[in-house]
Each structure stands twice: as structure tokens, then as C-alpha cells.
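Each chain carries a letter (A, B, C and D) given by its place in the written order, and its residues are counted from 1.
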Amino acid sequence: MTISADSLHNLGRLQGQFAAQRDWDQFHNPKNLVMALAAETGELIEHFQWLTPNEAARLPHGIREEVALECADVLLYLLRLCDRLDIDLAAAARRKLALNAKKYPVAKARGRMTKYDKL
Amino acid sequence: MTISADSLHNLGRLQGQFAAQRDWDQFHNPKNLVMALAAETGELIEHFQWLTPNEAARLPHGIREEVALECADVLLYLLRLCDRLDIDLAAAARRKLALNAKKYPVAKARGRMTKYDKL
Amino acid sequence: MTISADSLHNLGRLQGQFAAQRDWDQFHNPKNLVMALAAETGELIEHFQWLTPNEAARLPHGIREEVALECADVLLYLLRLCDRLDIDLAAAARRKLALNAKKYPVAKARGRMTKYDKL
Amino acid sequence: MTISADSLHNLGRLQGQFAAQRDWDQFHNPKNLVMALAAETGELIEHFQWLTPNEAARLPHGIREEVALECADVLLYLLRLCDRLDIDLAAAARRKLALNAKKYPVAKARGRMTKYDKL
């Protein structure tokens, strides 16, 4: 089987090796990892907080790279969390997409961001 | 080229189709998506906030599935955000792993969570 | 009427003057302020993410002061947000305490963190 | 000494009594409380994520009350956190306002949201 370069499993494995080499598994328990994920999300938000929606959609090149690396941090902690909880993230994403398709049928949800329980 | 089932690009494409079918691109600007990502992170945290580290590492089966779906939400909004900002998330994750390897050399970082600028 | 030194109204007024002097009201709209609040919460979390619950309860003096200033940031943006939304935060807190007393009756909630809808 | 109705100390004391009556101090350690604070911030964000800045500034009455109660939750957990860490939140807010006045001098910061280290 070929594995594509952007395989979640592959990225998670690299991140797991990184932690193992540094003996960080002792810190990487799920409670701590959820907090680390939230802290990285906070750093991502900081880049956007004072921008208008238009400015946020046209980031200067240097800022976009900083944002890309914050997005990477979020992904890497998310993968680590799923690894420690024995969750297959890609499979969960597919389950969630299927659930969302039921919760937000096209006919009802078209052009509206109303939450499913109020649709 | 074969694409593995857990390809980030592939998941991002599915999520993009889901939004397009519902005419949601008008809401999915980067500023809004960062907020949605943060709100999903908050829901993930809520599952863990009152648990001891030990309890958090041994979630009951039903809760673990709820957590898996929250993790999926975080991933799906992260992919949407990267899509709208034209960021290649997998490539960014690899760049970040390489940067982290420099910031946290094994010899210095082993067994310690000290931030790189204080190592 | 005497106003105590820790009056929320008073702190909110000081923060409002600070923003007005810098012509920052143009940035301090509710959407932006909610994001700023979330970013500060992220900085607060960062201090705690790798600590055990015991370590988190006994912060070294210097870290405790950093945490105190992060808590201050959260409060100041919260006050600014309430100011811009014309919300009386102290009155809302009293309403919420009264609601919580109904949602979590002592007899049912004693010693348990179960969410009210599952009590 | 008269205590005003919106005294932080007073609200914190009420919240502390609420927890003590339910024997919740065992759950209210700083690490958990920081997570609870972050989860409430996430619920606050959820109200604003799909709104334009203009919509966010003119919330319908019912939504505004929901937002007020989320703001109350953030404040109540923040007070609980400061209580458990022995932090005087009002004093910290005054220290932070003084620090901000130095970091953001009016002449330099007027009309700009540039971070102090890049001013």
C-alpha cells in the first residue's frame, strides 16, 4: 500500500517519535494535551483578533507563514491526543462528516448557519 | 498516485464539498473559522475539565466516542481554515516538526517541558 | 454611595478610559473582544498545561504573578466586552448564581460534577 | 466599610459558598478551573462565530441574555481560580492597567493595535 505524504497516521507517527526521543510521554497525557491544544488555538486566535474579516482573508505573506505554523501546532497536538486516546482521527472525521450530512440536510441548511437543533 | 484513506488533502476536499453544497462559503471566512475552531476546542476541553489525569486517560467507551467526534470537529474546521488561507497543512506540520527538532534538541529537552527560550 | 476598590463598574470604567485615550474603540467591537478574551485564556492555560494538579496548586511566586496578570487580562477584556454589549456583568453573575442554585440543588449535586441535565 | 453590589470580593465569596455547599472544592483545583474557564470562553465564542462584526454588535435581546450568562460563567470561574490561587483579582487588574499604560504609551499606540514589542 502506498501512503501519501499527507497521511494523518504518518504525521502522528513522526510526532510520536519526536516525543519518545525526548522522553515526553510522561507529560503527554490526554488532560495535558487537551490544554496544549487549547493554548495553541489561543495563539492562532491572537493573529486574527483585531483584523477585519477582509484583512483576515488577505494575510501578508510573513503572517500567513506564522499562521501556518500555529495551524501545524494545533494539528500535531490533536494527533498526539488521538494517539494517547487510541482514536483513529481520520475515521472519526469521516464518521462526523456522515453525521453532519444527516444533521444539516442540504434543503434545510442551504445558506443558513442555524444550529441543527433549531433548523 | 494512490491516496491513502487518511489523507489530509482528501478530508479537506470532502469538507469543502460539504460546505459548497450548503452555500456556506459565505460564512467560512478565516476569522469566523478560527472562532469555530476555538469553540470546538472548548467542547473538547469540557469533557476533560473535572477528570483527574488518570480518569482522562481511561475514558468510558461512550465518552471516548464523543471525544473522537469533537476531535473530528477540530480537524474539520482546521482543514477548512487552511483551505481558505491556501495553507498546505501537512507541509506546514512537517516544517513545524523540523523547527521543533532545532528548538528542542534531544540532549537539552530530554525529560523536561521547559519552553525552548528558557532551555 | 461608597464604591469599593474592587468594583467591577470601576475597573470597567478605567479600562474604557484606557481604550478611549488610545482611540481603540474602533477595534473593540464585540466579535474582536471575544477573540481577545479567548487568546488571553489560551495564555493562562499555557502556564498550567504541563503541570500536575498538585504542581498547579503550588505555583512558584514568580509564576503566580504572571498568572495573576493573565487573569487580569481575561477580566479586563471581559469587562470591555460587557461594556460594548451594554451588559451589567455583576448583575449577570448574580442571575447566573441564582440559576445555578436551581440547576444544581445541594441534595443532588453534592460531591458530584455531573452536568445538570444528567443529574 | 460599605461594599458595593458589584464587588469582586463579594461575588467570589458567593461563588465560594456555592461550591462549599456542594462539596465541590475537591474538583475546584486550579488546573481544572483553568479548563472550565476555557470551556466557558468557548461557549461564549460559539455565539459570535458566524456573525459579522455588525451583527455581533447588535445582538437580539434573547441572545444578549444568553451571552450575559456566559460572561457570568467566565467571571465566576475566574474568581474561583483566583480564590484557589490566593490572587487578588482586582489588585492584579490595577497592576495590569498600570503595566499596559507603560507598554502602550498614548503617543505611540494611538489608533493602532500593534503589539507593544513591535510598536
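Throughout what follows, a contact is a pair of C-beta atoms (placed from the backbone, for glycine too) under 8 Å apart; a residue touches a chain by one contact, two chains touch by 3 or more.
Here the structure is a predicted model, which means the values were calculated and not measured.
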A-C or B-C, whichever has more C-beta pairs in contact:
A-C
Look at both sides of the chain A and chain D contact and report whether the same residue positions are involved, with over half shared, or different ones.
same
What is the distance in Å between the mean C-alpha positions of chain C and chain D?
1
Between chain B and chain C, the Cα-mean centres are separated in Å by 26
For chain A paired with chain C, centre-to-centre distance based on mean C-alpha positions, whole Å:
26
Listed in rising order, chain D residues that touch 2 or more other chains are 27, 31-32, 34-35, 38, 41-42, 45, 48, 50, 52-53, 113
Considering only the defined contacts, which chain B positions touch chain C in the complex?
31, 34-35, 38, 50, 52-53, 113
Contact residues on chain A for chain C in the complex?
27, 32, 35-36, 38-43, 45-46, 48-50
Which stretch or stretches of chain D touch chain C in the complex?
1-9, 11, 14-15, 18, 21-24, 26-27, 29-32, 34-35, 37-38, 41-42, 44-45, 48, 51-53, 56-57, 59, 64, 67-69, 71-76, 78, 81-82, 84-97, 99-101, 104, 106, 109-111, 113
